[in-house]
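Two complexes, one shared chain (subunit A), two partners (subunit B, subunit C).
What follows is the complex of A and B.
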């Protein structure tokens, strides 16, 4: 799936400009806790309109990056799209039977740790890809909270 | 017997001298700070399979940018690696950023040397990129003989005419900086202590060197025994 296709799925018929989320020190610390790795970038691109934001991230499953698009609406996941899956095994995570589990999932904080508020069933043989997707969706929900579009929803 | 004693002596003379000198140096490792001196000689490093990397460097707005293997340098500091060879660096004046253009990726870096963003395939960056510079004074890149203007805010790559393309040329960074990059890249891989120790043990020439040093040690022991025996033998008739 191309960036343009993802944009059209997230915001059908709308032409939106890129938005930027600047990653400050505190935000970076939380992002690194969610991702369990260093996050050197100073900013993250996304699209936003109303209470909805759309994010694209790349995260390594086992050896190669998986490109994932996540649409967040009013603090809950609206859709998860696997834009590109490069690993040789574990490709089942691409299919709706798996990605639909993320619908309406929200962010919760337990013992100062950000996580999804719903259990996501794993797939045998795709443990690392599933883990990567859970991290990316948590990150999208967390980043959404720090955008002006999240504040619009709560008003 | 004397003949063999002399032959063994001549055969191992060089190795005994090497063993003695390196042994003395190793006994004084701390006072000579041998562990703190890193080998920079490319011939010695090649014995360990370490090659000095080719350096690509560019200069813009009084800053130096370099690439050694996949490692990127901004003045004296390091940046995360780039996907492909560094082909140019352009200043994005409006954003106060530098775009480090590699073959398959672009790194946006602040004037303080912080990585702002990575722009790759995800954002439909035209790749492979073969050059970067200015097209009619606007930042642009070249991919597969086509020229594209860089609009970093919109992440759009608008094709443009090649007529007014001025490529950014590589520039040789100051020697001091080159040395600093090389030292950082090679790191503290081989210390002088390690090198001397490997000469002492013969490991510098691999398992063959170790065998030679073993043989030298055995022959040295034989020399001691044969020397004492010959001396005792020379004393006997006088008695």
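What follows is the complex of A and C.
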């Protein structure tokens, strides 16, 4: 799935400009806790309109990066799209029977740790890909909170 | 506008003149207004210049962020680009075995490194390099092994082909065996003895999806060379040639269908045919069929695995040795009470071609404690209950992957 196709899935019929979430010191520290790794990017680009935001991230499962698009609406996941799957095993995570589990999932904090508020059933043989997707969706929900669009929703 | 303002000012002048003797004259007012107008024009111009500068700065900041995020700002761009396309990973496990009928043992069982590289969007390389049992060399127990090394080409949407050395698509742990992904310090004996995991060969393999969650594998590759004499005669596990100057007189064909269309569920069956499983060592053709089937299910904390595998081998040598039909199976329920702690029990039965006079049966039970999602501590007990009652042991392990 191309970037433009994901844009159209997230915001059908709209042409939105990129928004930028600058990654400051505190935001970076939280992101690195969620991703369990360093996060070197200066900024994260996304689209936003109303109470909805759309994000694209890359995360390695076992060997190679998986490109994932996540749409967050009013603090809950609306869509998860696997835009590019490059791993040699575990491609089942691309399909709706798996990604639909993320619908309406929200962010929760337990013992100062950000996580999804719902259990996601894994796929045997694709443990690392599933783990990567859980991290990316958590990250999208967390970043959404730090945008003006999340504040719009709460007003 | 200027005229209106001026008229108003002039109109007001008599009152102002009456009120203040030193009030400016009309001429002075005119000059004052002109000076103010010039100042306003200058400020407007400065504002326009600042606005252009801010826009330009936005572009520069965006370009800088883009360069830093993409790695283009590094001094050596080619190294950064190579690094972005290359990944490193691996796993390791250390074991302690307290044997009931033997010496206790501590073993650096496996230390494995993966290296992968993405040549293009549809061509990539993957490899797995392994050191087993710590030390290699003459008289040492260890081995250095190339476990996987292949090129994968995604030649069509949802369909790929692998060239090189790959893991045979059979069973549950043969392809996915990082220590944090299974219960038990030691890998289960059914898959080790009967399949025999970890099992790799060299050849060509097609992989693809025919429907969401339904995948196939079809491979032609080097085969086993099961010995027909010596202490390991007719033992399937001893037939692994590990692609080390492997005898390739008789190749093998493997196929698998796997369904994972329900989250948490995997159902698969594999078949293999090898025209001559001894590579010509047997007195007559020892054609061999392997059939395997398994189911694995995980939902919330509950887990369940079950596997059956069997060989049907032709020829008088195997029949005379009572090794023409070798089977094994196990069931393994488990329960993870939280994200860190899980318990399991496993019952297994299996045959060994070189010890067909004995039944091998065992119960394994114990726990895994995940310090981190990919770092696990293990404690379990193996209770052998068949006629081949051996290797009862209390096992401890630590394993990780990255």
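Just so we're on the same page, the second predicted complex is superposed on the first by the 155 of 155 C-alpha atoms of A that agree within 3 Å, B and C clash if a C-alpha of one lies under 4 Å from a C-alpha of the other, contacts with A are read in each partner's own complex, and residues count from 1 in each chain.
By our rule, a contact is a pair of C-beta atoms (placed from the backbone, for glycine too) under 8 Å apart; a residue touches a chain by one contact, two chains touch by 3 or more.
On a predicted model such as this, the values are computed, not experimentally measured, just so you know.
A.B. asks: Quick check on the subunit A-based superposition: subunit B and subunit C, clash or fit?
C.D. replies: clash
A.B. asks: Considering only touches as defined above, state whether A:15 meets subunit B (first), subunit C (second), both or neither.
C.D. replies: neither
A.B. asks: Please indicate which partner A:67 is in contact with in the superposed arrangement: first for subunit B, second for subunit C, both, or neither.
C.D. replies: Touch partner of A:67: subunit B, not subunit C.
A.B. asks: Go through the superposed model and pick first if A:42 touches only subunit B, second if only subunit C, both, or neither.
C.D. replies: The answer is both, since A:42 touches subunit B and subunit C.
A.B. asks: In the superposed model, does subunit B or subunit C contact more residues of subunit A?
C.D. replies: C
A.B. asks: Pick one for A:89: touches subunit B only (first), subunit C only (second), both, or neither.
C.D. replies: Second partner only, subunit C.
A.B. asks: Contacts for A:26 in the overlay, against subunit B (first) and subunit C (second): which applies, first, second, both or neither?
C.D. replies: neither
A.B. asks: Taking the superposition on A as described, I'd like to know which of subunit B and subunit C A:58 touches: first, second, both or neither.
C.D. replies: The answer is first: A:58 touches subunit B but not subunit C.
A.B. asks: Which subunit A residues come up in both lists, the one for subunit B and the one for subunit C?
C.D. replies: 40-43
A.B. asks: Touching subunit B in the complex: which residues of subunit A?
C.D. replies: Against subunit B, subunit A makes touches at 2-4, 17-18, 40-43, 45, 56, 58, 67, 83.
A.B. asks: Can you list the subunit B residues touching subunit A in their complex?
C.D. replies: Where subunit B meets subunit A, its residues are 80, 110, 114-118, 122-124, 153-155.
A.B. asks: Over in the complex, which subunit C residues touch subunit A? Could you list them?
C.D. replies: Subunit C reaches subunit A through residues 62, 64-65, 68-69, 87, 89, 114, 116, 118, 124, 126, 152, 158, 160, 162, 172, 175-176, 181, 207, 209, 212-213, 215, 260-266, 296-300, 373.
A.B. asks: How about subunit A: which of its residues touch subunit C in the complex?
C.D. replies: My answer: residues 20, 40-43, 60, 62-64, 86, 88-89, 91-92, 95-98, 101, 119-127, 131.
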